[in-house]
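Here come two complexes built around chain A, the first alongside chain B, the second alongside chain C.
Moving on, here comes the complex of A and B:
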């Protein structure tokens, strides 16, 4: 039973363990974890990607309508 | 004003580009929103599953009265005596637990006061005397509790004051709380027994005031643990305290609730963070800002910001390039084509 739990735990356990003390940035009175900063940077990238990636054009489809 | 006149008045009002929408006379093309929604759903499910496999989730060991008293028995004893003499944070909090504290307020607005005491907690009885009265086969404990209850208020205060002074120099040796001698009467036995009860795990069970089959109300043990310094120390180590922007942090190295930055920002302002009314002040500020955000379409100036920043021209740059290349104009409002909530997307604008 324990070996089954070990196999299941290994298969479905997280590959990267983040349950250890985090690192924080201090900018004056601002404190932020590196992981939060990474998520914010990713959100900014997605925001600009959403603006800059062109829409699918409908020229051919819509031309007859 | 009659209904007809009102209608005429509405139709006759001047067109304002940030308030009114011009009629669309261009062509349309079909757009499959259901397909797009389905694709988005599949992408999000795959992302969530993949990230869960890759990173798992925060898994900190829960802090219980047992783990607290085992890790720091002296802190537990010092907190227990504060619960007994009514000087702990919970004992002096006020509503919703008791009437011993001043409710938060902004002028006459005080929801804490309005809602009153609806989860009563008497710290001496609920955290100390009550649980000890359930201990069986220990007559010295019951005798100490009885002696304490039978004493006058002044006598109780003298005992607890003497114990509070002594417990500052207490140690925990060989599984026993060692407190310097003093004139604290039965309080020594009471706190020592409560510490043993806590370390055995029995106090956790005694504090779960459950009326249901499954206990889910952890208010009492949680407040008791929070009254000590142990939990606060753990929180500070993990950057979860209020003055560490803790609201947007998570345990371990996991990303937290970054979107709560504006809530926790206000607690970093000394005038708010050090105020006794900090919570209701932040609550009021955020209600005000949220209302402002919801009303943006109706606020002159604010509602013009999208037109001034011209981000829409970046998003719809192909459309504007095409229209301006043809020498045509845009819609009367100068706004991007309206597609939100529509199933048809405009492809051009009549000149």
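Moving on, here comes the complex of A and C:
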């Protein structure tokens, strides 16, 4: 289990270095970390994608439903 | 409750089910509650095979995504409570389950906020669905409290920082006398007992309300007669007309 954790940790740990104080945006009285801002932007993108991307449905087997 | 002598069938099981709904038992509280419950939510409505055609959109999947994430939150939380802090702080498996618990909360809120936006812009309180909307709003607010007490229960520098920052805010409301964010024992009890019970109960009521009133139909397009081709557009949530398998 420890070797798996080491491999996973090495793989993902190399993508983003989190070993430093967080970065924040300051916009008037609003103060927010870049990671929180990223999550909000992702939510907006997923929201519009959910509206715009067609949803594949099952073939309707009912004759006139 | 009437005491009866059960007939034992040939397979060795009692046959009390056939004695249900006897006319002389109609005024018993068990019969009354059963009748009200079955009339409001018959099995076909409680677990339907088909949904109205308008549900075939990605925006409708975020409610069930939220419920699925809540299931993972509860399951991983149960494992953490069984094994304890020494396990989740030190062992690799414990750290992994601890991370699963945290990331499923992230998915829970991510999906819930998109669900909230979708339902807000389709005015999901229409058609006698006010109770569905209100239970959703209260679930969201209580979930924020559950997550907050979770961050306070981490037993690390992060939780110390959050609690010392939050105490001034809580104290300024006057609630600090009974809700002490620097009291670890109180916060973890709120986090693992009180608030999960409330969240699960509220989400349960919310889902039952969706089953009772049906999924809210979208607004009619410009120039279109409202409800002309929309199943379930009636005010009582019935879902007749075009449907697709669930």
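As a convention for this text, the second predicted complex is superposed on the first by the 38 of 65 C-alpha atoms of A that agree within 3 Å, B and C clash if a C-alpha of one lies under 4 Å from a C-alpha of the other, contacts with A are read in each partner's own complex, and residues count from 1 in each chain.
Convention: contacts are C-beta pairs under 8 Å (C-beta built on N, C-alpha and C of every residue); 3 or more make two chains touch, one makes a residue touch a chain.
Bear in mind that the values here come from a model prediction, so they are computed numbers and not experimental data.
Participant: Using the superposition on chain A described above, determine whether A:22 touches chain B (first), chain C (second), both, or neither.
Facilitator: Once the two structures are laid over each other on A, A:22 reaches chain B alone.
Participant: Should A:2 be classified as contacting the first partner (chain B), the second (chain C), both, or neither?
Facilitator: So A:2 only meets chain C here.
Participant: According to the stated criteria, A:47 is in contact with first (chain B), second (chain C), both, or neither; which is it?
Facilitator: After superposition on chain A, A:47 lies in contact with chain C alone.
Participant: Quick one: classify A:32 as touching chain B (first), chain C (second), both or neither.
Facilitator: first
Participant: Of chain B and chain C, which one touches more residues of chain A?
Facilitator: So, of the two partners, B touches more residues of chain A.
Participant: Need the overlap of the two footprints on chain A, from chain B and from chain C, as residue ranges.
Facilitator: In the superposed arrangement, which is not itself an observed complex, chain A uses residues 39, 43, 51, 55, 57-58, 61-62, 65 for both chain B and chain C.
Participant: Give the list of chain A residues in touch with chain C in this complex.
Facilitator: 1-2, 4-5, 39, 42-43, 46-47, 49-51, 53, 55, 57-58, 60-62, 65
Participant: Which part of chain C faces chain A closely enough to touch in the complex?
Facilitator: Touch list, chain C to chain A: 50, 56-59, 61-62, 92-93, 95-96, 106, 110, 113-114, 117-118, 242-245.
Participant: Can you tell me which positions in chain B touch chain A when the two form their complex?
Facilitator: 27-31, 52-60, 237-239, 244-245, 248-256, 258, 268, 311, 314-315, 318, 345, 347
Participant: Report the residues of chain A in contact with chain B in the complex, numbered from low to high.
Facilitator: Listed in rising order, the residues are 12-24, 29-36, 38-40, 43, 51-52, 54-55, 57-59, 61-63, 65.
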